[in-house]
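All chains are identified by letter, namely A, B, C and D, in their written order; residue positions are counted from 1 within each chain.
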Amino acid sequence: MRLGEPQAEACATRSGFTLGELMVAAAAREILDGEWVFVGMRLPLLAFLVAKRLHAPRAVGLYENGVIRVDPAPEMLYTMADPPNQRGATYCGEMTRVMSLLQQGCVDVGFLGAAEVDRHGNLNSTWGRRDGQVVRLPGSGGAGDIACLAKRTVVLMAHQPHRLVERVGYVTSPGYGTGGDWRSAIGLRAGSGPAAILTTMGVLRFDETGDAYLASVHPGVAVGQVVANTGWKLRVAADLGETPAPSAAELGVIREFDPEGFWTRQP
Amino acid sequence: MRLGEPQAEACATRSGFTLGELMVAAAAREILDGEWVFVGMRLPLLAFLVAKRLHAPRAVGLYENGVIRVDPAPEMLYTMADPPNQRGATYCGEMTRVMSLLQQGCVDVGFLGAAEVDRHGNLNSTWGRRDGQVVRLPGSGGAGDIACLAKRTVVLMAHQPHRLVERVGYVTSPGYGTGGDWRSAIGLRAGSGPAAILTTMGVLRFDETGDAYLASVHPGVAVGQVVANTGWKLRVAADLGETPAPSAAELGVIREFDPEGFWTRQP
Amino acid sequence: MAIEQNSKLLTMGEAIARYVPSGSSVLMGAAMEQLIPFAAGHELIRQDRRDLTLIGPISDILFDQLIGAGCVARVEAAWVGNVSAGVGYNLRRATEQGVPRPVEMIDYTNFTVALALHAAALGVPFLPTRSTLGSDVLARNPHLVEFRSPVGGEKLVAVEALAPDVAILHVQRADAQGNAHAWGGLGVQIDGARAARRVILVAEEIVEPEVIASDPNRTEIPGMLVSAVVHEPWGAHPSPVQGYYGRDHAFFHEYHERSRKREDFENWLREWVLGVENRAGYLERLGAERRGTLGVREHAWSAAVDFGY
Amino acid sequence: MAIEQNSKLLTMGEAIARYVPSGSSVLMGAAMEQLIPFAAGHELIRQDRRDLTLIGPISDILFDQLIGAGCVARVEAAWVGNVSAGVGYNLRRATEQGVPRPVEMIDYTNFTVALALHAAALGVPFLPTRSTLGSDVLARNPHLVEFRSPVGGEKLVAVEALAPDVAILHVQRADAQGNAHAWGGLGVQIDGARAARRVILVAEEIVEPEVIASDPNRTEIPGMLVSAVVHEPWGAHPSPVQGYYGRDHAFFHEYHERSRKREDFENWLREWVLGVENRAGYLERLGAERRGTLGVREHAWSAAVDFGY
């Protein structure tokens, strides 16, 4: 389980796609052909389907309940243990059999959500704080494992100033820690860590010190708006671009599998 | 694999049973009802069948290739992976699933063989020595695991002075080490260890210091003969008895499953 | 360890009464989002069990219900909430406000829960992992301890073995001795059966021993590990059981809405748990029509294998 | 890690030529006394591989043959011999007299071999055990290290992870991608497939992908881990393959007699390995009649399970 992801808002854009669809398409593009992917729940479930269909036909999906799929499930999934995800799977069985491939270092990319992320990509999905009160969140699920053990991770988040913070109050899923060579010093594999934070406003990436910067803004979003909604002084890439809109092909796959817009809140 | 057991000799006694049959019956009596038994190969395969049929109907057999049987195989077995031992089994699968029950401390009794045993019940089935030459033996198989992890073990051996030695040259399977509280000092469970050595001449048991003594002699065997064929000064129990001959019922089961006397060398 | 060859069949009420006293640590939801033993959880509530420790990777909404009913003193888990709908409101009330009672949280990740049970199943005091290094899960959970590997010297985390007093495991089919077949994603169910001191098995179907024995490679839960067998069709609803019924997504969303406020949850609990006598009563309330929409529409039988010789 | 969706089917000769160079460490006999990849071992001999490290719990007579053929520099195993007949004479000659060449023995127990592979499969540098404490197996094997548990402080043994260069695994059936079904006792085969850097799968039958996919809980070796698939019926003879053929006990006893003296073994090797071109030649020599006596006389099909919804 990797909840805490944005309930991607049903904000239809002028361009005929929803923000959720944009994020799914952006997530799909983070999957390269032939990669092993820890798929996770919600938007990434759809992103994996888009990638498999369009540009990564040889990608393999791994699900922590103990499922591996070369051929994706033929239907919309609400959870990874839904019967369509188990029938015709490449493997069904134990969590440990799947997690052990992750720990071996075989998994290229894993998707994560969280209630809070900080400038070094550390995630909190356990104990939050709102209006001075402690808030109990669902917890790690597999997120902490994926954050520690996958070659790279991609975070999906609603972009709000209380969620993108200078330093998370509790590290459920380590990113680049305090930056620099923190990951290898702490015992995690050198070269691993967050590759991107896909938010409802733009895409953040990381420099070589593990510090996040704004790499692209979504169509119709102003840079100042992103910076204002980030809880630390967010740097902006010199070559800042616009997040590419979902293509017709991407929208086609998304809408084929989620015609009701359950995950993308299609208006 | 727990080889190195005596190729029980085809010495028919005056009483109408072979030494092999006597040893199988004696081994069967070491199994109590309801116990979990690491069965091993050769004579114990038959001993388990005798026990199940006659006095331990609720015993469970565990086989290190990854098989568990509540109902014993319906046919004679040459190895634990013979098809009759896998069909209709309670469980078939991984060695680790079976060995983990052993390591949990669930297995009451395991049968072992070896090329050499010493007065503290330590076994050697790896590197022997004969006539001043090093002899390579097959190795531990699962014997070392069973010796370390079962609640108690029963050893089957040919009784020869070069096989029952003061101190084995290589400890493949630990017994009581150097005696006393050696097992718990070395990290093995207190109270575990060898219960008996069933030889071709008699039955040795252990006192509270882990030192072997002669508890019974087989029919027709003289005490002096046993002592003379033991490589250390063997103590004899004050209440030394005669190993009970196999009953008609025991012989019936043995001969039903091994009509050719493959394991018991029936004449 | 003795086995009992008489039937182990009990009603759910009998099994819970006999094997799950107040104060027990209980593994449930071991197979993740499918095979969740909701019927057993509801019986724990009806029998008013207190001070339970709940163990599991995730539990979907079952743990939230038990917490809301006041049965729980401690949770040792990776995730508690509502998988398809979001947070668990009873968890929040218990941890943030102590309503209906405070609950201690010992946070794991999915993999470290799995390894804690795997350690107990293997019979060792701990297992090593690289997961949780650098996290506050490691810093705050006393059962996760950083150490140096005796081989190679690298930093690792020791996950302490976790042996629940009882594992309550839902499976598709079993015989009366508890020899069980389960399929689909199994999460930590197999290690859970081996780690726990006792196993209560809940089965959709009770079949002849020959059916189970025809495929010993699928008998990952052998009856020798099982104390009680409960025949409880639809006992995992609203979670899915591959080959038997699908996930009742709407039920999870209804629960989400109806647990947001304490008073609404109390009504929900009366309606679905306290106000019915047993699972039969629950199913009657659920109705045949709703069950019909969840049933198998297209069978997909596995190819047989030959154990002949 | 990329997967290849084209067929992975190769002949045994191609698979050995491509994936098992001299000097490799090779896991074989992972399923204990059944499913032993004799056909692959014989091809290693014919292709004159040298300086191999053989890894396995036991191997029945396969390791003895490879040692006698001079292919082996090192054995990391728990047991080498002839399960139903006794010692391995080639092992004795190699270790006692250096004939045909010296072989280094790194002795394990069955469980510590299993844990070494399990550690590699889990992706950790070691796993703890209580086994081998107090033994000379522990004292002399550099991959077994005594240490104090970071949890509780008790004495334990660290079993170092062992990742073979290649695992050669015999199974009952697979598809052309290497998705495999195996049944019966599987020893360390599943962890072996996950521990090894490469897997060569040898299958009695190649079936349509739909047959394998109909039962994903039996697909413990998924094709993504497999480099080559070899279709080799009777490739495990004289060891048994549940549902396909029984154990040829006499063959093991004949080998025992014919390997007692070096010269007799050389004749045996010429007759059964060097003097035949491939497995087809071996089977021709074995004869249809002998195979007939080993075939399945009574089928015993597993009960199906339903993956439908």
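By definition in this document, a residue touches a chain if its C-beta (ideal position, glycine included) is under 8 Å from a C-beta of that chain, and two chains touch if they have at least 3 such contacts.
Keep in mind it's a predicted model, so treat the numbers as computed, not measured.
Among the remaining chains, the Cα-based centre furthest from that of subunit C is the centre of B.
The interface with the greater count of contacting C-beta pairs, when B-C is set against B-D, is B-D.
Rounded to whole angstrom units, the spacing between the C-alpha centres of subunit A and subunit D is 41. Chain geometry summary: the mean Cα position of subunit B and that of subunit D are 28 Å apart. A separation of 58 Å divides the Cα centre of subunit A from that of subunit B. Touching of two or more other chains is recorded for residues 123-124, 129-130, 154, 156, 183-184, 186, 214, 217, 240, 242-243, 246, 300, 307-309 of subunit D. Residue positions of subunit A touching 2 or more other chains: 67, 83, 86-88, 92-93, 96, 102-103, 149. Checking each pair of chains for touch leaves A-C, A-D, B-C, B-D, C-D. Listed in rising order, the residues of subunit C touching subunit B in the complex are 1-5, 121-124, 179, 194, 213-214, 216-217, 219-220, 222-224, 307-309.
Residue ranges of subunit B in contact with subunit C, taken from their complex: 33-36, 57-58, 60, 67-68, 70, 83-84, 86-93, 96-97, 100-106, 108, 149. Note for the complex: subunit A touches subunit C at residues 1, 3, 7, 41, 63-67, 78-83, 85-88, 92-96, 99, 102-103, 126, 133-145, 147-149, 170-174, 177, 182-183, 186-189. The residues of subunit C lying in touch with subunit D in their complex are 123-130, 145, 147, 149-152, 154, 156, 158, 160-161, 172, 181, 183-184, 186, 207, 211, 214-215, 217-218, 240, 242-244, 246, 296-309. On the subunit D side of its complex with subunit B, the touching residues are 31-34, 57-58, 60, 77-81, 83-84, 86-88, 91-92, 95-96, 105, 107-112, 114-115, 118, 129-137, 154-156, 183-191, 239-240, 242-243, 246-247, 249, 300.
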